[in-house]
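In what follows, subunit A forms one complex with subunit B and a second complex with subunit C.
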Partner chain A sequence: MGKRLLSILMASAALGGVAEAKTVIHVMHQGDPGWVATYGEIAKRFEAANPDVDVELIYAPHDAYNEKFSAAVMSKQLPDVMELDAPFLANYVWSGYLQPIRPLVDKDVIGDMTESNIAQGTYPIDKDLYAVGLTDSSVVLYGNKKYLEAIGARIPKSVDDAWTREEFEGYLEKLSKLDGVKWPIDTFRGYGIKTEWITYAYGPILQSAGCDLIDRKTWKSVGTLDSDPCVEALTMMQKWVTNRWVVPQSSGTNQFFAEGHPAALALGGHWFYAEAAASMKDDIVVMPLPKFGPRGASPNGTWIWGITTASEHPDIAGKFVSFMLKDKLYRDYAREDSGYPGLKSFAADSPLYAAGGPMAVAFEQASKTAIARPPHPAYPAITSAFMGAVDEIFNGGDAKAALSKAAEKIDEDIEENDGYPPFDEQQ
Partner chain B sequence: MSDLAIPTLQAKVKSERSALGSLRMVQTASILVIALLIVSPLFMLLIASLKDDRFQILADMGSFRAFWVSSPTLSNFAEIGNLSGELAFGRYLVNSLVILALTVGAGLIVNSMAGFVLAWGSLRGRALILSLVIALYVIPQESIIMPLVIMVSRAGMTDTFAVQIVPWVASPLYIFLFYQFFAQLPKELFEAAEIDGASVFRIYRSIFLPLSLPALATVSILMGIESWNQYLWPILVTQTDYARPIAVAIATFFGQDSIYWDRAMAASVLMMIPILALYLAFQRWFVSSFVGSAVKG
Partner chain C sequence: MTLQQTAPPAVLARPVSRRDKGRLFQEIGMLAPAVILLTIFLVVPFLLSFWTAMTNQPLVPRPTPIRFVGFNNFLRIFRDELFWTSLWNVSRFTFWILPVQCGLAFATALLLHQKLPFRNLFRGLFFLPAITSMVVVCVIWGTLFQYPTGPFNQVIGFLSGGRIQPIDWLGDPNWAMFSIVLLSAWQAYGFQMIVYLAGLQGIPDELYDAARIDGANAFQRFWHVTMPGLRPTHVFVLVITTIQAFKLYTQVAILTQGGPKSSTETVVHYMVRSGFEEQKLGYASAVSVILFLIVLVIALLQRQLLRRFDV
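== the complex of A and B ==
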């Protein structure tokens, strides 16, 4: 009896030992129910392929992701792997939260990255890669073919023949008078000011008009964000709003393909295509973003994966990231969601974005006009100040005053952080 | 003269009654309008949860179509029920109920005891302590949330039920509410029990607590709503679905690119039911508490 008890105890101890021997990695992510379920499945598959590893997923809702991240930093509970929004990368690396990912992720994954994907994961100071993603992103101009034909609009087929500002505003005016059109354009004000949308989608309008959110050499915003081209660009957008050409914030984000198709154009993200095309069938056309000034500009950057400096198992974390980016389920779900390719193999497998595909022009923008949001540690301050200014301007505020206030706020943040060295030495 | 006076009086009474009747009708109509205004968002929520097209829900908002569903369906509720793993709503709902019950249960004991001691206890500096308690009430939760996160993580409480209960059990507002209630009860009650040899705890437990049903009901409802609606705190201090409440689960439907209004509305209806039940259960005492405080001035 005693021997049996002893052997049971030894067996339990041994089992306990086996259980304890498992390495646990924590993966923090955001996303809607589809993504949560997908990541859950990927974690299970990784565990099945690596029986000595447990993957603990930490979900943080999109609108509280930054707060959750701050709490994790303060309580010294940073995960091993984390999903992060690309423009925040510089801030995280500068703060010491992320480690170079190149030595940790499979070489074939790194070699598979598109140029814009490398750009979104690269820290400008050491030019090292700190994050990698299956996808990237862009914004295009969606159009209702019937309406555009009714006003005799030219439909551009590539980035090189994008509409000029004059053409674009002329079409808006014509569309505003066309029967059936309630609003000429949806600029997705419905996303509100709590997401990155305003900086992400409207920033390129400023860049196209000949200015920027901040000077990328001197890292000063005063004199750039409140310069004449920026004031002019925001005044132009304010005019669209006051002319009632833009779908108001309260009307949501589907007026382009809602019943009766009340909006004729939509300045929308690549992710909008799947839903819009399913509803509008052949009535949808995808066009490059218009040129509002001397050059074309489009956004890039999305949620990508990094490995934190707090990780005690960076090798396993890297293995997980590699596994995830190659996983069929992940790719299938991303493709269904009209995922914008960030890996060449994924691009080859995405007929939507291939030459001749309905979203080919979006992929063309990545190499011709994409401009990353300012890769600077002050980015959280930059985006917050800019979004506040745009909101104020759209609600009737003076463009010059609002942009000057925002530019001052950005410069104050940079000064308070002593120029975020070594960014202050960058010229 | 008297012959003439009677019909005049009758006419006067009749006209006054009719005026009174009209006034009542106006009053009733006004109350109905106000009630409709108050209930309409809840009604809209319920109607939206029965629509199966999330874009239609959004398109209907802002018009009377928001209050009408031509072909109601329970598919949103079914979809929520079918979610599993990290999104199992049943789990989140049970978590929320456990957190609510334990927070309110512990809160009633701790806050009522503190209120009683401040009202009738013999400790020194009661007035000062009371002033401090009131002063604490004005500190916004946001300003202490990050230090609190650090404290609970150092205490190893992350991702537990306790971390969502313990910090919110004692509350300056509820201590003050109980203090006010207990302080209004007659001094003779306390003295008589004391003469009979009852200890302070016995006086609290056997005499004052049973008399404080309206205060208990008020605190239960207010505390229950507060606990039930906690959102940011659970996100900051929990990692998995083990102890996370339903408010966090609903946030899943508000994604980066899309908002799943259909399922969010259905989940919100489910979330509303327990707190509505709590309110209905305690409503009688809750109302009498407010009426009582108004009468007592």
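== the complex of A and C ==
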């Protein structure tokens, strides 16, 4: 507060021609309270290293981030630096909000990026890089060792020997009859029904079963999302729910390690590890996502940093992004949060994900099974339609009907935007 | 209205004197702020939203052109099953909330109108939920509703000796809207209660005295003095509650996001969703125009209906 007052004083002094005004850059971000505090610290450190720059942080809650961003666009108050969820990148670049980031951040940062990190920051039309992240992400299958041993389950050691669908469903059935297990699996329905988690975590189940949210060549959803493999996959998930194998939505998000360990398995994000391991100690095993069909699939992509076209000081914005990604505090906090490496130097620094580490399987998935969410500007419509369909199916709706409706909604949105040129010519 | 009271037509028919003219200017001057503000913040936005509803305007600027699409948005809304579901849901909500909330408000108002000790303290306590933010109420009730081990389920389990299975209040399509009704009625009844209290205080004591002298018992006094005396209050409360019920949004946005299985999707939630999540501003404007017309029709119908009862 005192600092803000000081900068106002300084600014007014500058009007008088006495001192030079500071350059202000605005940084928009999301995150839980721990992250918010960390970003605040980093901003202070950057200001200390660059006395002529003021960093103003703008916080927007995770679940309403896109709404808040739209509001910023409408009121012409775009930040200089923004955190963004990777699958929305195509929409932002297509709409003209982001600028190529390669010339703005340090070369060694770019050279440090993993394949998957580059993939999540790249716009498919011009193949240019628009965002950089320290981290990436994945989803794994956590298991409670005690329960798994009690039913004699095979525990896969690498992505190549992941459970098959038959094994997985067989174990769910056995677990449902085991004493002490209230629910065989938590798929984190507690995150809500309007959350990117749905598309992020359940999308790979479709891809593994042999279909997708949208055809990535013709960019048509009808014929893909409502195809037989997709209908079959979601009917399978519906069965898990109606069999009461899945933790219900209103039971919160920590049934895996809550008192008495009521859930035996958890289909959870890498970020869940820190908390779960701290509570479960040696009882936790980390396994690759099961193979539900012809191929293995896992999600990737996370919140990464981009620089907007509205920035009046893109060079300083780039300097801030480079500073942050190299900052020790940022890395320490990310590691504590079991952050999934997106930079090679951070991976080398993360024993959790190294070969032999407890989350090695998660890192292995990145190179073997990771499939990015559709990089298309219609992504907001795609994910929204899919969330609606999943809610309906999990509550007893007909899978075929719900998916057809979603697919039609997606195609309608693309049509309404004239095919999002030049994506319509991209076949 | 004010114009007519101070300057009836007979006065206007005469040649306008300087004094009358002065008075007219004064009245226009006093009306001006309200008229200007209402025009800027109500009339113009409404006309704008009607215009936007006829285009394919996106929420944020896009590289594709904005086109005039006529009534396409409206046709598309009427074809969307989800819109009809949301309309059905708010109707259900209204149907339940009217008796629950107004009944609760009326009952507490009657109670607090008695000469109880600490009456004002109780009035304040009963009004507390109404001044608590709906968001806070939702977060608290969200915990109370937890399945299967939340406080409500614990109490039900205890009272029924474990015979009644825990209820998935917000996660079961058959229960979710009802749970929202309970919470909403509890949060908002304080406002209607205050209105009823005011109405009760407006009934002159002489009427009760006269009724007593005529030998009317407590119930007769209630039925023949209190109820007729409250008629305008009933109309007001009914109209206000219905209109508010049709605008149901906050509770749904926080607790259920329209689910499960669209059982709590409401018209306003549907509008915000198409406008912000799917970024179709034109489409969302069309929904808002429809909602406006629906509320207007309901308000007019209610007035007509209740006026008929009055005669």
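Following the convention adopted for this analysis, the second predicted complex is superposed on the first by the 407 of 427 C-alpha atoms of A that agree within 3 Å, B and C clash if a C-alpha of one lies under 4 Å from a C-alpha of the other, contacts with A are read in each partner's own complex, and residues count from 1 in each chain.
We take it that a contact is a pair of C-beta atoms (placed from the backbone, for glycine too) under 8 Å apart; a residue touches a chain by one contact, two chains touch by 3 or more.
Keep in mind the model is a prediction, meaning the values are calculated, not measured.
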| item | value |
| --- | --- |
| First (subunit B), second (subunit C), both or neither touched by A:116 | neither |
| Touching partner for A:32 - first (subunit B), second (subunit C), both, neither | first |
| Touching partner for A:67 - first (subunit B), second (subunit C), both, neither | both |
| Contacts of A:58 with subunit B and subunit C, given as first, second, both or neither | first |
| Subunit B versus subunit C as contact partner of A:76, first or second or both or neither | first |
| First, second, both or neither for A:40, with subunit B first and subunit C second | first |
| Subunit B versus subunit C as contact partner of A:252, first or second or both or neither | both |
| Touching partner for A:144 - first (subunit B), second (subunit C), both, neither | neither |
| Shared contact residues on subunit A - subunit B and subunit C | 67, 70, 74, 250-252 |
| Subunit A residues touching subunit B - in the complex, by the definition given at the top | 26, 30-33, 35-37, 40, 56-64, 67-68, 70-71, 74-77, 195, 250-255, 257-259, 269, 271-272, 275, 303 |
| Residue ranges of subunit C touching subunit A (in the complex, touch as defined) | 56, 58-64, 81-82, 145-148, 168-171, 173, 256-263, 273, 276-280 |
| Partner subunit C, residues of subunit A touching it in the complex | 66-67, 70, 73-74, 94-96, 192-194, 248-252, 380-381, 384, 388, 391-392, 394-397, 405, 413, 416-418, 420-421 |
| Subunit A contact footprint on subunit B (complex, rising order) | 55-56, 58-59, 61-62, 83, 85-87, 146, 149-150, 152-154, 158, 231-232, 235-237, 239-240, 248, 251-260, 263 |
